[in-house]
Amino acid sequence: MDINTIITGLYITGIGIAIVFSVLSILVILVYVLKQTIYKPAEKTGKKEIGKTKIRVEEKPAETRKPRRETDPKLVALLSAAITAFNEYKASTLKKYGVFKDFPELARLLPLAGVLFKSKIKVSFGGKDIIVDVEELPNNMYKVGVGGKTYIVNYSIQQ
Amino acid sequence: MDINTIITGLYITGIGIAIVFSVLSILVILVYVLKQTIYKPAEKTGKKEIGKTKIRVEEKPAETRKPRRETDPKLVALLSAAITAFNEYKASTLKKYGVFKDFPELARLLPLAGVLFKSKIKVSFGGKDIIVDVEELPNNMYKVGVGGKTYIVNYSIQQ
Amino acid sequence: MDINTIITGLYITGIGIAIVFSVLSILVILVYVLKQTIYKPAEKTGKKEIGKTKIRVEEKPAETRKPRRETDPKLVALLSAAITAFNEYKASTLKKYGVFKDFPELARLLPLAGVLFKSKIKVSFGGKDIIVDVEELPNNMYKVGVGGKTYIVNYSIQQ
Amino acid sequence: MVFEGLMHITLGNIVMICVGLILVYLAIKHEYEPLILLPIGITAVLVNLPLTGLTEPPYGFLYLVKHYLIDTEVVPLLIFFGLGAMTDFGPMIADPKSLLLGAAAQIGVFVALLTALLLGFNLKEAASIGIIGGADGPTTIYLTVKLAPHLLAATAVAAYSYMSLVPLIQPPIIKALTTREERRIRMKQLRPISKKEKILFPIVSMITVGLLVPSAAPLIGMIMIGNLFRESGVVERLSKAAREELMNIVTIFLGLGVGSTMRAETFLTYKTLLVLGLGVVAFAAATAGGVLFAKLMNLFSKEKINPMIGASGVSAVPMSARVVQRLAIEEDPENHLLMNAMGPNVAGVIGTAVVAGVFLSMLGG
Amino acid sequence: MVFEGLMHITLGNIVMICVGLILVYLAIKHEYEPLILLPIGITAVLVNLPLTGLTEPPYGFLYLVKHYLIDTEVVPLLIFFGLGAMTDFGPMIADPKSLLLGAAAQIGVFVALLTALLLGFNLKEAASIGIIGGADGPTTIYLTVKLAPHLLAATAVAAYSYMSLVPLIQPPIIKALTTREERRIRMKQLRPISKKEKILFPIVSMITVGLLVPSAAPLIGMIMIGNLFRESGVVERLSKAAREELMNIVTIFLGLGVGSTMRAETFLTYKTLLVLGLGVVAFAAATAGGVLFAKLMNLFSKEKINPMIGASGVSAVPMSARVVQRLAIEEDPENHLLMNAMGPNVAGVIGTAVVAGVFLSMLGG
Amino acid sequence: MVFEGLMHITLGNIVMICVGLILVYLAIKHEYEPLILLPIGITAVLVNLPLTGLTEPPYGFLYLVKHYLIDTEVVPLLIFFGLGAMTDFGPMIADPKSLLLGAAAQIGVFVALLTALLLGFNLKEAASIGIIGGADGPTTIYLTVKLAPHLLAATAVAAYSYMSLVPLIQPPIIKALTTREERRIRMKQLRPISKKEKILFPIVSMITVGLLVPSAAPLIGMIMIGNLFRESGVVERLSKAAREELMNIVTIFLGLGVGSTMRAETFLTYKTLLVLGLGVVAFAAATAGGVLFAKLMNLFSKEKINPMIGASGVSAVPMSARVVQRLAIEEDPENHLLMNAMGPNVAGVIGTAVVAGVFLSMLGG
């Protein structure tokens, strides 16, 4: 143990603490600047959303609640039906124009792909016709819009 | 800028264009040869299929059609039932002969595996008995044959 | 071909066979030791289970059996409902305390995570209330306990 | 010691940081080839911070990436391997004459090469600049590393940027060179391809091109091995690894490695600006070459092709095929040319690799 | 020739085999950082079997791993890259003063450094030991490889072990330094963060830290590039590769490489024991530093913060945030501090990287 | 310059291209070990095209793969690591005497070694040829790289080809050496194995084999570390990476690296033909050794074993176990021996690694 080493150690400690606090303080300032320049509009909607959430949480005591109507098994069936119809439409379109089944993979994997399909589909369900928006995503995923809500569905039964 | 360089550039251009066209032309010929030697039989069925497709496409205007009967939610239920029965049969067979649950993974991952199961399963569904062919594929996938059609099902509810 | 080489070869063969048999024999002994020191208690339950299995296998002739009642499509619906309710409970809790949706991923990926949720959920199903245990696992998997049985469910419809 | 970075920053560094940020912006906001341009851009920002040692031999991290993975051509070849495992040559096999359109688009390479020579670049530099017109990122990187490594960042950025700009660059050229009647030509649907043909094609083309242009063999060999993995159907594990795990990892290192060459000292020269300008010339000439050659073919063949698909000889898979599809539908909503355009599109990849091979054999490796 | 191993085994080897087995036991039975400690432990067993040649140059397998992947810093930097792709800086951006708590916890590093100097370690060793208090495994490895490679196994094992022990080390210290009233302070919920802020943060902080502390640029650069991949939303393939495929592979090599340095000859010294002891000092001092600084901040600010979240300035993401959450609920079941504690938690990662950069610039790289 | 390839092609090249194509054909059409033989075959085609420079130092791509990944043993060891993460030693732990059957099958290695010596190979070559009888591809490659690198392609191709041919090679030998009564012997079901046993087995066997045969430690160490990852249950991320991401990538490089050694100059010798012939001898002798030793064991033990499971001591996991299962069912449809045969099957992997270690320690590494 050498007194010079200790002194150097104290010096490094002083410098080190000074630098880490000053660098992170600068980051504090920059984050505030970011917030001021960017965040303004988002802030308002954000606060609103928190308020709404609180109300919803209070009206339904946790751990003892029923499943919501919109997401019951019927919805699963409706989504399945919509995707099936969508895939049939897609398959017929692709075949009509000689597009091979391999194409979507190719398109998805190469940079900037985008030959994924998107369509409005009319589904007969429970006696009435429902208009559903279906959009393909990679990996057997589908974005399904129905009744103002959007579901991401992983649907992997292929014929 | 040097005139000799430009001349070399023109020379390279000439050679380059000549080579790229001749090499790709040779490939054109080889692809034709491939087609002549290999494709003959396939060609006929291919043409037929295109014809058939066209008809199907025309009879169903895109974007406003109902889901096909065979792929409605009932099918999902039938497939689930079949795979459940198949898995029960498989589990009992494996246990009977002391085959541990790890085995399929081992078999699948090492080269030339093949200890995946395959079986005919009788399913009671909607009041009548249906015979279904079920074959395991890797990754919780199953090939299910029912009523002359084959479905690839990703079924991942495990008990 | 050199007679000395052959002699060395025979020598290596002798040594080699001796070593491979002695090393693997030592492993035999060690595996027996492992079994004696560790396995005793497990052995009994193991034997019982094999017996039970045999009986079950005999009462149900393979390849021609019906799907079990408990795993029919209704179960799929029940599981869906339970997970939906669970996710709603989770989302409301997370929102209430300002936990962002990214958090579970962060927690799961860094070492020693463990901020996955677990809860008892009451589901109204088929006219009666069922208490279900739901526990999150990584990758959209859920462990669902209902009626004394546990199911691992891959549920990927996200709202 | 610390805070020194601030004192050593040069105007060049600041310019390059802005250039990097612009690439990041374009990648995120407009999705211009984000898989490449985002890593390149942010790495360009990082390496222009002074005194970090990241690009310094022998142990700077980005030096290691550049030296061991890019300079050895490991990364571009593995990307070609992965592209092979992704590519469906079916549309090209179904319509073999699309190979000729893929050859024709290479004219753009030579136009740009000659223009570069006129602007004072030497032969090796001009070849590396010309190849941008092939619109194949990995081929451009492969050739530039061998012929003109000091231009690597410029040619790579040009190649990938203009690939994103294909939807802007090509339509006016296509429209200027074709009549409305030509753009309305319908083409017959492609025949289905048997599995045997798909398996034999990569083997046959690897042997053929390898024998005729040996210096193109690494590029063609790797893409065709990848494609054989894909089409064989028996090594799905490897095919998936080639196009996913390995591809993703290698793409990360490509971005880091190329980005690390964008230091102010080497990048901020008038040559870089010329390269970027010549890149547009190359893309435009390639487009024109493909379209005009298609029109030439129509003079001699009974069954007319829609000359727009010649523009897809510019690889940029599958962007230029989609451009053609879009233009076709504009004129006639029932005229789907997507698959017909995919043939020249993938043929262009082979064509550019052949041209790269020719350059390597004529200009020394 | 064979059976020789038995004759060459030393008492040291036997001790180290037991040490390795203890790590394996803790990893499997108590899940102490199993992703790192299991590979390290079992590799320690393997390299203490005599005459295997596994760690011998030029071709021993573990020598290759150590020499090419650890000594070059490739592995720690790629792990930082992956951590960036996993980390959500949102809670820190929402509450910027948490950055100061992340800085305060670095006090532990300096306390341990000074203690190590008093115990006779030299400056470079003391810095490597001190950095354990930052509770960031990769940063510890990065710095030790550069400053005191002979201590690598000791500091790495200490860093990862104590990270697992955070739930045991921190609570008594936190309780000793806070009153019940302080522990019951409720904090307001964090505001939501916009995507733009999340994208700009890694860019801004990379440039800022890189300019101010260039030697921290490799660490900060890689974590921020990874984070930009994550937040940009346009390169999900690469982001996933960074945090999964590449991360998993690199973690395997980290364990093998670090474990291979745990040979009896180099590991079994009194220094190792001191390092392990100093590691506890470092963690404890860091915890205290964070808590006390939070109390100090309360003296000057109107809106009181719960001083317990200062303890989360010790990174060990997300363990120390969970410790705080648990302690808060003990006092008041409705007081959820998890997200408030995540801010200092991720800030601590940046703070430790800055300190490592300072050490590198002052003590030579 | 171009078209030169055609002029430089030799008859040997053409023969080798055909050999490569035959491997590709067998891999695709008959699924003979496609994961290895397809990459090897197509790479053999590629490297026999003249003047491509792919295998030339210092920067030929396949040279890099061979030099840095195969010659360093990195690839075979990582494959062993992945195999460990895939292998279930349960059946062997449940029935420990299966280890002896795994030892007995190694007799084939020595029969082939002695035959090779009689045919004029030197000791190192003979050992590399003999190990083919172990039916473990990575072990064969590991040993050949160290003892007789010029035979690498021949032994690797032989090992993997005959592994695919196990269903053809083994049945006649098994039938010739057993009576119908013996083949109908039923064996009792295996007991279940506790998790603790599965965790302790890789640790115990690594230490035991490592101490007794240090030169086998790299192979045994890596397979057992992989297996511990698998059985520990706490590092599923790493276990998955070992057997999937890393395994797939490494398998690609194994195929490319081994295939690149199949150039006409080195492969087309009478030695290659002899190696291929001796490989059959090795497999046949290993099968016979296992079966006969099982019959010998029956002489001394009360509880008879079905001697067919001795044939599974030839690793070729799980093919030879399936061969036994099939033969057993032929004689008695209720006699399922699959799991009983898996014990010797995985024991054979350990046995062959031990033999390789013995060879390395006696013949110099």
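Letters are used for the chains, namely A, B, C, D, E and F, taken in the order the chains are written, and counting of residues starts over at 1 for each.
The rule we apply is simple: a contact is a pair of C-beta atoms (placed from the backbone, for glycine too) under 8 Å apart; a residue touches a chain by one contact, two chains touch by 3 or more.
Protein names from UniProt, one per chain: A, B, C = Sodium pump decarboxylase, gamma subunit; D, E, F = Sodium ion-translocating decarboxylase, beta subunit.
All values reported here derive from a predicted model rather than from experimental measurement.
Here chain D and chain F face each other with different sets of residues for the most part; under half of the interface numbers are shared between them.
Relative orientation of chain D and chain E, expressed as the C-alpha superposition rotation angle, is 120° to the nearest 5.
Between chain A and chain E the centroid-to-centroid distance comes to 30 Å (mean Cα coordinates, whole Å). Averaged Cα coordinates give chain A a centre that lies 29 Å from the centre of chain B. Taken residue by residue, chain E touches two or more other chains at 2, 31, 34-35, 189, 192, 212-213, 245, 358, 362, whereas all remaining positions touch fewer. Each of the following residues of chain C touches two or more other chains: 15, 19, 50, 76, 96, 98. Touching chain F in their complex are the following residues of chain E: 1-6, 9, 17, 21, 24, 27-28, 31, 34-35, 38-39, 42-43, 45-46, 49-54, 59, 61, 64, 245, 248-249, 251-252, 255-256.
Listing the residues of chain C that touch chain F in their complex gives 1, 5-6, 8-10, 12-13, 15-17, 19-28, 30-32, 34-35, 38-39, 42-43, 46-47, 49-50. On the chain F side of its complex with chain C, the touching residues are 92-93, 96-97, 99-100, 102-103, 106-107, 109-110, 113-114, 117-120, 122-123, 126-127, 189, 191-192, 194, 196-197, 200-201, 204-205, 208-209, 212-213, 347, 350-351, 354-355, 358-359, 362-363.
Residues of chain D that touch chain F in their complex: 72-74, 77, 199, 203, 206-207, 210-215, 217-218, 221-222, 225, 228-229, 232-235, 237-238, 240-242, 245-246, 357-358, 361-362, 365.
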